[in-house]
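Scrolling down, you'll hit the structures one after another.
Two complexes are shown next, each including chain A; its partner changes from chain B in the first to chain C in the second.
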Partner chain A sequence: MSQTGSISAPQNVPQKREMHVVYSTGDRIFRRIVTAGALTSLIVLALIGLFLLARGVEIFRDMGPKFITGTNWTAGSGDGIIPAEFSIGPMLAGTIVTSLIALFFAVPLSIAGALYMEFFAPAKIKSTLVSMLDLAAAIPSLFFGLWGVQVFSSMGERWAALTSHYLGWFPLFNNELEIFGRSPFIAGLVLAAMIVPIITSVSREVYSRTPRELVDSCHALGGTRWGAIRAVVLPFGRSGVVGGAMLGLGRALGETVAVYLLLNLVFKYNFNILESEGGNIASLIATKFGEATPYELKALLAAGFVLFLLTLTVNMAATAVVQRTAKAQS
Partner chain B sequence: MNIVNQVGTESKTSKENGIIMNEMSASGATAAVAERPLGLETRGLHAWFGSHHVLSDINLQFPERSVTGLIGPSGCGKSTYLRMLNRMHEFIPSAAMAGEVLMDGSDIYAPEVDAAAMRLKVGMVFQKPNPFPAMTIKENVLSGIKLANLEVPNHDEVVEKCLTRAGLWKEVKDRLNASGGSLSGGQQQRLCIARSLAVEPTILLMDEPCSALDPGSTLRIEETIHELAEKITVVIVTHNMQQASRVSDYCAFFLSDGGPGILVEADATRKMFTNPTDTRTADYVQGKFG
Partner chain C sequence: MSTTSDLAVQVVEATPTQPWHKPRSEQRRDALVYLALAVVAYAIVMISGVAGPDGFALVFFVEVLLLTILRSRNIGKAKSTNAIVSTVIGAGAVVAFVPWMSIFVSLVTKGFHGLYVGYLFGDMRVTTPDDELNMGGVGHAIIGSMLMVLIATAITLPLGILSGVYLTEVRGRLTKVVRFVIQSMSGVPSIVAGLFIYTTVVTLTESFSGFAGALALSVLMLPTVARTSEEVLKLVPEDLRAASYALGARQWRSSLMVVLPTVRSGLTTAAILGVARVVGETAPLLLTALSNNAFKFNPFNGPIASMPMYVFGLLQIGTEYSIARAWSGSLVLMLIVLALFVAARRLGGKDKR
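And then the complex of A and B:
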């Protein structure tokens, strides 16, 4: 073998040698434990989905696409004279409408709150605010529902009346009956209050990761604090805020108790958000579950499956958005 | 600025003749390097972070249209000093200061001064190239104009002029709408220089602008600095002695012996490197410590 190196390709390319990563026993046990942990949550999720689908599949077969679009929920008489018919169209629409109203109010509020905490709040109160925010995110939704019914409703009705008075020409805000209580609008506002903490928390986290030197550059260029926020912080945090909003949306879509307390369950498509009728899938299930016939129970579980798919989709979209942000920032 | 016009006829070679004094004091140093018209001066400048005293009694004058290098070992406070010259110091929550920074004779820390408007006259280039990631090359150059809501008749003209001054125009003129992040590190840093020039500052502060760059890019930026100094005052922090000797007309040597950083000596660069007054300066520029 020659000792001097050659620039031309070697004549004999040697066989590739096998390489093994050898883990110690401790490593192997640890690896099994964490793998099991990760798999368990996936399996539980899949089993829940399968359970709902298995119980509901009969309804999907009997009702067909009408289950999603129809507007009738009848348990039927036991003797079969009145046939049972189940469809969740208005509830599905109500789920989406109340959640969108919640997002509409919660997102701007959360962005403002996050910017305040990260860039304007005095250092002394900042840490207090941050921990209070995390506490607020953990308040059970029951309390939001009770607060909505007992405290907020009367105020929300006034707001709704004003909105209807000035914007009633717009179909969304039309209200012929002039009764403003227990509307999707009020339910949406209460949901907004409920999801503001989580969206604010995620947004603040993303904003706090804005590279310091980019903000400095804005100042060095003669920019104001608002200029720096607009030029650097908001674009940097955009995808993160979208991710936070999706998490909030997921929570709003699945909210049961607050909507159950705040909305009259009415099986009619209602896109006049100030009128007193509505409902969502989760509160439908909570309302009907106790006294359901065996067949109706299956319909409720089928409705649950639809909601399951909806929230799963939203959460997966949120994860994808957040991951894309993380990748773009690295 | 009318002062610029007054000295416009003075030749560049006369810079080193302008030194009038170089005196030491027990508490640190007082050094004045020129009697030319002054764009920037600090008097009795101190800095603290919380109770930590990081700079003590810095008296320094920066002659207009020259390059002054701030040199010294890490932790001697030279970057802090630089950030005090455009009031970036105040963004650090625990920061405090004493003394004066005079721009054209008036104190920039005076309560009536609009810091944002003041910073328009003082550009800054940072250690790491940091073009705005969400903006194109063109938008990056114009970002200062947009941030400060300045009225500029011809945006394209500004873009070409600034990129040319920063020595980047030829390389990017065909892809002005590409993202700033698509450039190499050295190009990004020159883009950052172009960005600072767009608001037409009279002073440019540079905080180790080449420390993250390869030698070729460093050379390009040093050429750019030389060209810029024909029109504006440049203050550059550098760890690199060769760079300081290549690029600066004057040098100021900062040092901390564990206490607050002091100004040991400031003088014409040639004198600082060949025949400094203070032995510590001699030891540092010869690489005996730091």
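And then the complex of A and C:
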């Protein structure tokens, strides 16, 4: 090599050395303190679960599986003539029904919103829309309840009446009382409005990470805008959207005030979503908390534990999905 | 020579065109067409049984969709699908954005009546549900919320920053776990946080208090502060750390005296976003701080009012004036959240510059 004379590889390139970090005593103390601080969230999360379980375990023992599958919530009389009986079955069903209604409406709308913001909106209004969306995600849920009761309800009732009129033969939309206010349907719609901002912003972020070259090459091959979206953007963003939807689901499952204000708490399995009775676990806790007997309070804590487990599972799954896609795409 | 100069002139004259943009005339024509469609839709709403703004929106959408289909008869399948789907996506986006825009509008239009100068400084001690809107106020609730949020910030800001530092500087063995837990924790339902503080703090001290409320808010605030801190710290260039080490600084010195000071305003943003996240939370306060009607400055003793509980309580009363006051209180609360957001945005831009 060196015989050619002109250019030769340098003979003695220093080897890249392993970096040895030696932590001083100060460093070690610093790292301990920071680690301890970072672990508080872990500890708090564990404590929440433990305390709710510890205070509610008596109910789980007394009621057994009926706590989930039963139909009654009776505090009983103090003298024990009417036995206390607690079961969150109908409320658990209500939680799931309202959240599913919310997801059913929120997901397509959010996808449309995210696609519009990312690919259709003029550049001028796009940045405004993005910051407004951020603000919308911070609207307290109380306002959705307030707006739902005062502004949206009348419109929602009309939609419910129409649905029942034309689709009433289907058991889900059956409503014999012809009273349409304060139903799981309306609560679900308001929950949908509540979770649209979060799903939209997660989806938009995923869509914005679509490799520009792929979209451009779709256009270059003569594809239309929708062609590019369908061929590249939607498949690319699918798992991110799923994660966003699950985050939204987590919020809808645990929502208290909006559902409390919008739904008549009736202790009954209600799958006729247009009838004005229902509730969810969180609104059950908010409703019964004020005048609960000590034993009933334990039942409420047990209900809180179930809700905690439910939302934590959904959220952990959502987090796993979102973090995995973010990692795969970056 | 002359040919080259001619060429140069031609090059100068070439202005960039954007063939994919519609020309002005076409835009103007489209606007007119849409206006005409809106008028027709309005007429249909007036005559037929379809009613209300939702009915109008539906009729308008159907008209636009029909027009799109008609227009795209002869342009090939791919293009016509594109046109139709674009219309549908646009409509979906409008439906997605309308609810929260409607909330902003209703807050202003319905909350505006109840505002007067004394509203921000008064309390509800002597105001009954049927008193007119020139009485009573939200001052006690603002003070209560402020106290609770301050305590919550004092607790969560250090912990949140420590979490951020752990995730970006220390990068210990538990980095992945901590990040995962923080993210999952942000989904803990607010009422569960309230229940947790109730079974621990309220039961232990045997009293509802602003402090208990603040603790419940902290549980909800911590994930936001921690996550934002991490995001901000990630923006610090690695060179800065390397330079600090090269100068002989130990890790603790370079973290505390080089990295953290550069993101001071970013960390303030984290705190502000955390506050914005929890200032409107109702459910946890329902179980921990309750509410009261008068000014109170001691967060450690007995129930204390807050903005969201003020609104919630008035809604429960449900008289005409109570509901008007609830809207006004909500408007004030929303303005506070808005101010926090603007502040966060202003500060957030600072570090990057």
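Methods note: the second predicted complex is superposed on the first by the 293 of 330 C-alpha atoms of A that agree within 3 Å, B and C clash if a C-alpha of one lies under 4 Å from a C-alpha of the other, contacts with A are read in each partner's own complex, and residues count from 1 in each chain.
In this section, a contact is a pair of C-beta atoms (placed from the backbone, for glycine too) under 8 Å apart; a residue touches a chain by one contact, two chains touch by 3 or more.
Bear in mind that the values here come from a model prediction, so they are computed numbers and not experimental data.
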Quick one: classify A:V34 as touching chain B (first), chain C (second), both or neither. second
So which one touches more of the residues on chain A, chain B or chain C? C
When the two structures are overlaid on chain A, which partner does A:I48 contact: first (chain B), second (chain C), both, or neither? second
By the touch definition at the top of the document, which applies to A:G26: first (chain B), second (chain C), both, or neither? second
Can A:A123 be said to touch chain B (first), chain C (second), both, or neither? first
Per the contact definition in the header, classify A:I139: touching chain B only (first), chain C only (second), both, or neither. second
Tell me which partner A:A231 touches in the superposition: chain B (first), chain C (second), both or neither. first
Between chain B (first) and chain C (second), which, if any, makes contact with A:L214: first, second, both or neither? first
Kindly classify A:G223 by the partners it touches after superposition: chain B alone (first), chain C alone (second), both, or neither? both
In the superposed view, which residues of chain A touch chain B and also chain C? 223-224, 227
Mind pulling up the chain C residues that touch chain A in the complex? 51-54, 78-79, 81-82, 85-86, 88-93, 95-97, 99-100, 102-103, 106-107, 110, 158-159, 161-163, 165-167, 169-170, 172, 174, 177-193, 195-196, 199-200, 219, 222-223, 226, 250-253, 255-256, 276-277, 279-283, 286-287, 308, 311-312, 315, 323, 326-327, 330, 333-334, 337-338, 341, 345
Chain A residues within the chain C interface of the complex: 21, 23-24, 26-27, 29-31, 33-42, 44-45, 47-48, 51-52, 55, 108-113, 115-117, 120, 129, 131, 134-136, 138-147, 149-152, 155, 158-159, 193, 196-197, 200, 223-227, 247, 250-251, 253-257, 261, 282, 285-286, 289, 300-301, 304, 307-308, 311-312, 314-316, 318-320, 322-323
Which residues, counting only chain B, touch chain A once they are in their complex? 86, 88, 91, 93, 116-117, 119-120, 122-124, 126-128, 130, 132-135, 143-144, 146-148, 192, 195-196, 199, 205
Chain A to chain B touching residues, read off their complex: 123, 211, 213-214, 216-224, 227-228, 231-232, 235-236
